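Think of it as A, B, C and D in the order they're written, each chain with its own count starting at 1.
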Amino acid sequence: MSYARQLLDTYPRTSNADAGVLAATIDALSDCAQACIADTEADLSEQDLAEMVKCIRLCLNCADVCAATRGVVTRQAEYDGNVTRPLLEACIAICTSCGDECARHAPHMAHCRVCEQACRRCEQACRELLGALK
Amino acid sequence: MSYARQLLDTYPRTSNADAGVLAATIDALSDCAQACIADTEADLSEQDLAEMVKCIRLCLNCADVCAATRGVVTRQAEYDGNVTRPLLEACIAICTSCGDECARHAPHMAHCRVCEQACRRCEQACRELLGALK
Amino acid sequence: MSYARQLLDTYPRTSNADAGVLAATIDALSDCAQACIADTEADLSEQDLAEMVKCIRLCLNCADVCAATRGVVTRQAEYDGNVTRPLLEACIAICTSCGDECARHAPHMAHCRVCEQACRRCEQACRELLGALK
Amino acid sequence: MSYARQLLDTYPRTSNADAGVLAATIDALSDCAQACIADTEADLSEQDLAEMVKCIRLCLNCADVCAATRGVVTRQAEYDGNVTRPLLEACIAICTSCGDECARHAPHMAHCRVCEQACRRCEQACRELLGALK
């Protein structure tokens, strides 16, 4: 069981959303941020750098937005839909476009294939959480 | 002149928005993130901690969202309104509520008065940039 | 298999250290950062806040240092012992003291018990990586 | 007066170090992190990308370490030399090497000239703070 899930299960308050959905989202956000940081490093190691520039920029944006979303979603007690909803929307949008760009490289770059999977999973998790929030 | 402005003036591409508006927003985001980190530390030093808990949580959220927004706004070449617009909206919402909470403490806590100013300035800067974006 | 490990296995260069050790460290750093963010939120929900202030501050420091260390360790191509070594030392020191403080609360606060485990595992992983680096 | 300085002047506790030195360091860390994020974006806009790869990686490392150091230095109440000292050493090392790499590009790239200045100023500020700490 992930630390995110264990910490939700020991949280002294009631959670805003189903603990399973919330923990899955937090784990997907952490994983996606890490995958994007590692994919940036791998992209910078490729021969044809001009081909990778868009992917690098999207990965940097995706890592930043996932990290912030993870923090805000974790701090449930001051939940505010006016913050969390647009933040999840921004996160879904960047995970989608970063995943799409990684998909373009995936056939010939295994690291982008892995990063694409992390982005897709995070996009789905954020969509599910957004649907579950009031 | 701030480093943000100097770097925009030496950027090898054309900026998406007026360099003055963009640099003012980036500086306001950096300042607000730092003010929120420092206000959290000051809040934790107060006697009546129960009174400060909401302020601490909002400051932590505000610092995270401002840092991510700063990164995304700085990386102009892959500008995507579907990411930047909701991110700025989330940032405006958290700067507003963090500023409001700091304002409640401002009459008797000078550190919250300073943090309120940083939040208000950041909220205004993000609104202006949001209005200037396509 | 974690995304960190998958991305190391698809990295276009040779890694600086054994991929298993490196991936375990990156995963432990991600987990510890997340556990500390979640434990801060749980600490702020406790009745006796004065008792939790030290834990909150150490968790905030630990989350920041783990996040930075994760990034630097991931970007292997510009490995520089003068940066990575003291950074790992700082990370080991904060994981130790954050783990110790969580251990004090662990008997009566389950969330601190979980966070202590994440800190201990991260401390061990960083020590192992530090020993494996040139 | 910067927000960092205003918040130090309104901090409810006594500071660990001279408020002027501390505020200058916090401001230099914020500025350097922002300069490195912006320089990464500018580097990615250059024609000869292979020439910029090292600079990008060092800037990413420098931004991460400066952000973490800023947080830890701001949270003074749980000051621990075993954390802050090696963290400042790591920060000085990465500011030095990032500044050196930017200096190589500075004659023909104005954005690297600006980033070099931010790195040099941050390196100096961290050295001064390290010297002032017990």
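The rule is simple: a contact is a pair of C-beta atoms (placed from the backbone, for glycine too) under 8 Å apart; a residue touches a chain by one contact, two chains touch by 3 or more.
Keep in mind the model is a prediction, meaning the values are calculated, not measured.
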item	value
Pair exhibiting more inter-chain C-beta contacts, A-B or B-D	B-D
Label of the chain whose CA centroid is most distant from the centroid of chain B	C
Computed distance of Cα centres, chain D from chain A, in Å	27
Euclidean distance of C-alpha centroids - chain B vs chain D, Å	19
Residues of chain A engaged with two or more neighbouring chains	41, 44, 53, 57, 60, 67, 71, 75, 77
Residue numbers on chain D that touch chain B, as the complex places them	2-4, 6-13, 26, 30-31, 33-35, 37-39, 41-42, 44-46, 67, 70-71, 74-77, 109-111, 113-115, 117-118
Touching residues (chain side chain D, partner chain A) in the complex	40-41, 44, 49-50, 53, 56-57, 60
In the complex, chain C residues that touch chain D	53-54, 57-58, 60-61, 64-65, 67-69, 71-72, 75, 77-78, 80, 82-87, 89-90, 93-94, 97
